[in-house]
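Let me begin by presenting the structure, written as structure tokens, before commenting on it.
Lettered A, B, C and D in written order, each chain numbered from 1.
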Amino acid sequence: MSVAPPRRRALTVTANERLGAYTLLKVADPAGPAPDPGQFTMLAAVERWGGGEDERPYLPRAFSLARFRHGEAHYLLEDVGPGTRRLCELQAGERVWALGPLGRGFVPPHDDRRALLVGGGVGIAPLAILQDALEGALARAPSTRKRTRPPATVLLGFRDRDRAAGASLFRGATVASDDGSVGHAGLVTELLAAELERDAHAVVYACGPAPMLEAVRSLCELLRTPAQLALEAGMACGFGACYGCVVPNRAGGYLRVCVDGPVVDAAELTRVEDLP
Amino acid sequence: MSVAPPRRRALTVTANERLGAYTLLKVADPAGPAPDPGQFTMLAAVERWGGGEDERPYLPRAFSLARFRHGEAHYLLEDVGPGTRRLCELQAGERVWALGPLGRGFVPPHDDRRALLVGGGVGIAPLAILQDALEGALARAPSTRKRTRPPATVLLGFRDRDRAAGASLFRGATVASDDGSVGHAGLVTELLAAELERDAHAVVYACGPAPMLEAVRSLCELLRTPAQLALEAGMACGFGACYGCVVPNRAGGYLRVCVDGPVVDAAELTRVEDLP
Amino acid sequence: MTVSFCGLELAHRVINGSGTFDAIAARRVFGAELDEDFPFAAFVSKTITLQPRVGNPPPRLWEAAGGLVNSIGLPNKGLRRYLAEDLPELAALPAPLITNVMGSSAEEIVELVEACDERPEIAAVELNVSCPNVKTGLDIGSDPALLEEVVRTVRPRTGKPLIVKLTPNTADVAACGLAAQAGGADAVSLINTLRALALAPRTAAEGPRHWLGGGTGGLSGPAIRGVALAQVAAVAERVQIPVVGMGGVQNAGHAREMLDVGATLVAVGTESFRDPAAGAKIGRDLVRDRP
Amino acid sequence: MTVSFCGLELAHRVINGSGTFDAIAARRVFGAELDEDFPFAAFVSKTITLQPRVGNPPPRLWEAAGGLVNSIGLPNKGLRRYLAEDLPELAALPAPLITNVMGSSAEEIVELVEACDERPEIAAVELNVSCPNVKTGLDIGSDPALLEEVVRTVRPRTGKPLIVKLTPNTADVAACGLAAQAGGADAVSLINTLRALALAPRTAAEGPRHWLGGGTGGLSGPAIRGVALAQVAAVAERVQIPVVGMGGVQNAGHAREMLDVGATLVAVGTESFRDPAAGAKIGRDLVRDRP
């Protein structure tokens, strides 16, 4: 787990690129620690964080690292409220407060299982950096290992064509869309079921809306396929201070998504609740 | 007194020009009523009014109309806090909420006294539109009157050269600066005293910091020269609703600057208090 | 379709918070157009006291995070001049008039309420027992037993609807609401401003000092909306009489939440400072959203 | 130069608000660098109860205008596991430990305080009689007579400094401060969060419902700063014991205002969520501004 500096730092936006319905925000972070895939950052605009809908935002917002290269972090943002709206309008040269990298990331397969990456909507973000890492590891691995572990398979689901533009973050992905405008007309979990039917010797890495994660979880439980789920929850701090970001665990208690996750082993949960 | 529509309206910024230390913000207001010189507008940015210093601004801010021509209003702004800072950064195409024109403006001389306009700092703003009006009236007046009433004399005081750039709003002005970098080295009230000594048959129109206004007031009281002072006070509403913008009057009570002013006859006050 | 409130038939559910709209001043500023789309279904006057008050010395305003701290000090002409000078003009408004009064003793309040009772221009009386800037109002309002006694004394003196405006600076606002009801109030309104302080920005030369000329003040606006919602919900759950909910309402969504937790009417205060048409817009949007 | 507070010598005047910083979690997230510039001059634990608590169901957070409404529900391991598991790690922090406890009866509180008294790792005890999320804490804290009695009962059970954290949801917080002092408290701290409510964003399909899993919550952050300043001033004016001021403090200017109205220490809560180094920065800036 990558350790974060214990203070927020002011970083400079280097690019704001449109990716269909999403915004790809690139931020220079030359001194920042390299994140583990699945880790996230708490972001807030340095200027004018506030004064939007209902006089918000006030607290920083959590975003998965979608890529980290040459001291530049990429975030894939969907505008869903005052915080994401403000971040989506930041242009090169403007600054963001960043705290991170935070949380527990994905654990790479430790045997010869193939990696099945399943993403839904803006939840595809952490899978991009995971693909980078898995391919990088593969490239660096001794040639014997290379032969036994196949490259990651990427399955992505989107609501529509505009969102499916997010797939361009990946090198090779099979896409499903709710409205049938791109790829398979239907749910990404249908693609997953087909893949697992073909070859269940896999580890599933999933991130996306709660109902999708729950479908992944129950399918993998059924097939006894190990699955790692990147969860979301409303957060105030991102570093375990507020106890606000909880989801129920199997033991009848709660996990803090920011420090016990965001990536959790599917076995830790009874189900993925669709919290409001 | 010009009557305002009873609602704030979203107007578009047409230009943001630098005038030394000040910003001249031009706003298209094609349907807005023509203001009287000395009236003001409550302004707030439509987007991101908030999230600055101490999570402010929240309420709109009062600004004198500095000019109004062909459905375009000009405001001269000095960045002194989170509200003015936000407004100063607005660019052409961005929008402001505007409520106004509000308050009582200057009353033109009703005899053949000459008009002496005395401004300090950003307080010069309402004098520019007053000069426009006086000259316009002069131009339109029957030729007999033209002969008897001389054009307005404009005296302006600034802290330094950067602020003195505001003088360019006027057609002909005598300038004083605290640091001596432009014009008379000293106070604008020294210029006023000299002018009144030369010819006291005048009406004084003054706007600026409280100590300047108080100097004008006491000088005019001494010389029995009528004076109209444009006051400032912290405001929440600008239309008499909050009772927040008061200054003490001669009767031992308070005036609401927004509805009883901002322009008041100097005779209404015992002194101009330098409120914090 | 009108809304019934204590026997009044109102055009919609939005009124103003006392002391946050001066209809007489507004008419001068905005002219006749104000009446054409008058922002409130009923107009609540500023707090009127027996004797005239000039109010607190300035500064009276402090801008807070998402809110306003005010220390106005209840300036008003006093009962006599209010009735003589303002009532005729207020009677001409296109909305019924609720007169808000405050007294420093039960006797004073009785005198105020009786004077209002005589005047047909006044549709209802609101009792301010909650103003945090003036000692008296606070003391009566935060002690349920005392509050009930005062309301019981005042109640028989008027046949007009009697609204009691509760103080939010109390441990158990529902108990205060119940006390007002037990004393005979026809409705309660809340919340008034939360007691708050502002210090002057520090300069090197000066020591610390209060910003507000009146010392402490009261916080209003979006900053208090969650607190207001909790208090309105707590009171509405317990009382049977109608509740006027206010505190930080900026739009119809916020007003709807007040209704959702049990309010019958919603009052708009500080938001009117940002837009005098806020009340009209909220009233309209509420009807549009759910006719 | 250190700051004396109830016999403790602290490096500066800034500590954390209980429940707003988990030093154990933070050490895992931030590693050894956290200790090098530990944000607080003393570390206050989350509220510890006799029995373990899982806390309230999510959602637990609602962002308000310039603030946060939380309904966390005091999750904690319970006294036994806190002492066994957390204390060793907390004892290794580069700042003295203040343990915050809450009980639902005087007997429970006595048990908690006695257990703390035995442990040398604990420098002081803070009594939470002010948590608005759990009935018990509120009731004791808002009634001065009851509060004094409880403090008086608990007081003899420990030789360690006893801080009473007052509830802000009361009519007269100064009376509560005086009651704590009369009962034998060594210091008081305030303000805790203001009782507040949040409703879920309305969808066409659904009726109104609470957003927070725990029902009502408590408001913190800049939105309450003016209220906090007023309450800290009111208490500090009346009591002789030291006061820990908190509520909405975001920077050294705000902290200085708490000191200006009479606080000895300042606690930072919600601002740490925006920046874990907020406490360190404020502590440093305070010293720099006036050494």
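A few notes on this one:
FYI, contacts are C-beta pairs under 8 Å (C-beta built on N, C-alpha and C of every residue); 3 or more make two chains touch, one makes a residue touch a chain.
Since the model is a prediction, treat every value here as computed from it, not as a measurement.
Graph distance from chain A to chain B, where chains that touch are one step apart, equals 1. Between chain A and chain C, the centres computed from C-alpha atoms are 49 Å apart. Taking each chain's centre as the mean of its C-alpha atoms, chain C lies 34 Å from chain D. If each chain is reduced to the centroid of its CA atoms, chain A and chain D end up 34 Å from each other.
Of all residues in chain A, those that touch two or more other chains are 50, 54-55, 57-58.
Within chain C, the positions touching two or more other chains are listed as 64-67, 221-222. Chain contacts in this assembly form a complete graph, since each chain touches every other chain. On the side of chain D, the complex with chain C involves touching residues 62, 64-67, 69, 142-143, 167, 169-172, 194-199, 202, 208, 216-217, 219, 221-227, 229-231, 233, 248, 253, 256-257, 260-261. Those residues of chain B lying in contact with chain A across their complex are 45, 47-52, 55, 57-58, 86.
Only residues 3-8, 44, 50, 54-60, 97, 99, 102, 233-237, 239-248, 252-254, 256, 259, 273, 275-276 of chain B touch chain C when the two sit together in their complex.
Taken in their complex, chain C has these residues touching chain B: 19-22, 25-26, 28-31, 33-34, 37, 39, 46, 54-55, 57-61, 63-68, 70, 72, 75, 200, 211, 221-222, 270, 272-277, 280.
Those residues of chain A whose C-beta lies close enough to touch chain C in the complex are 54-55.
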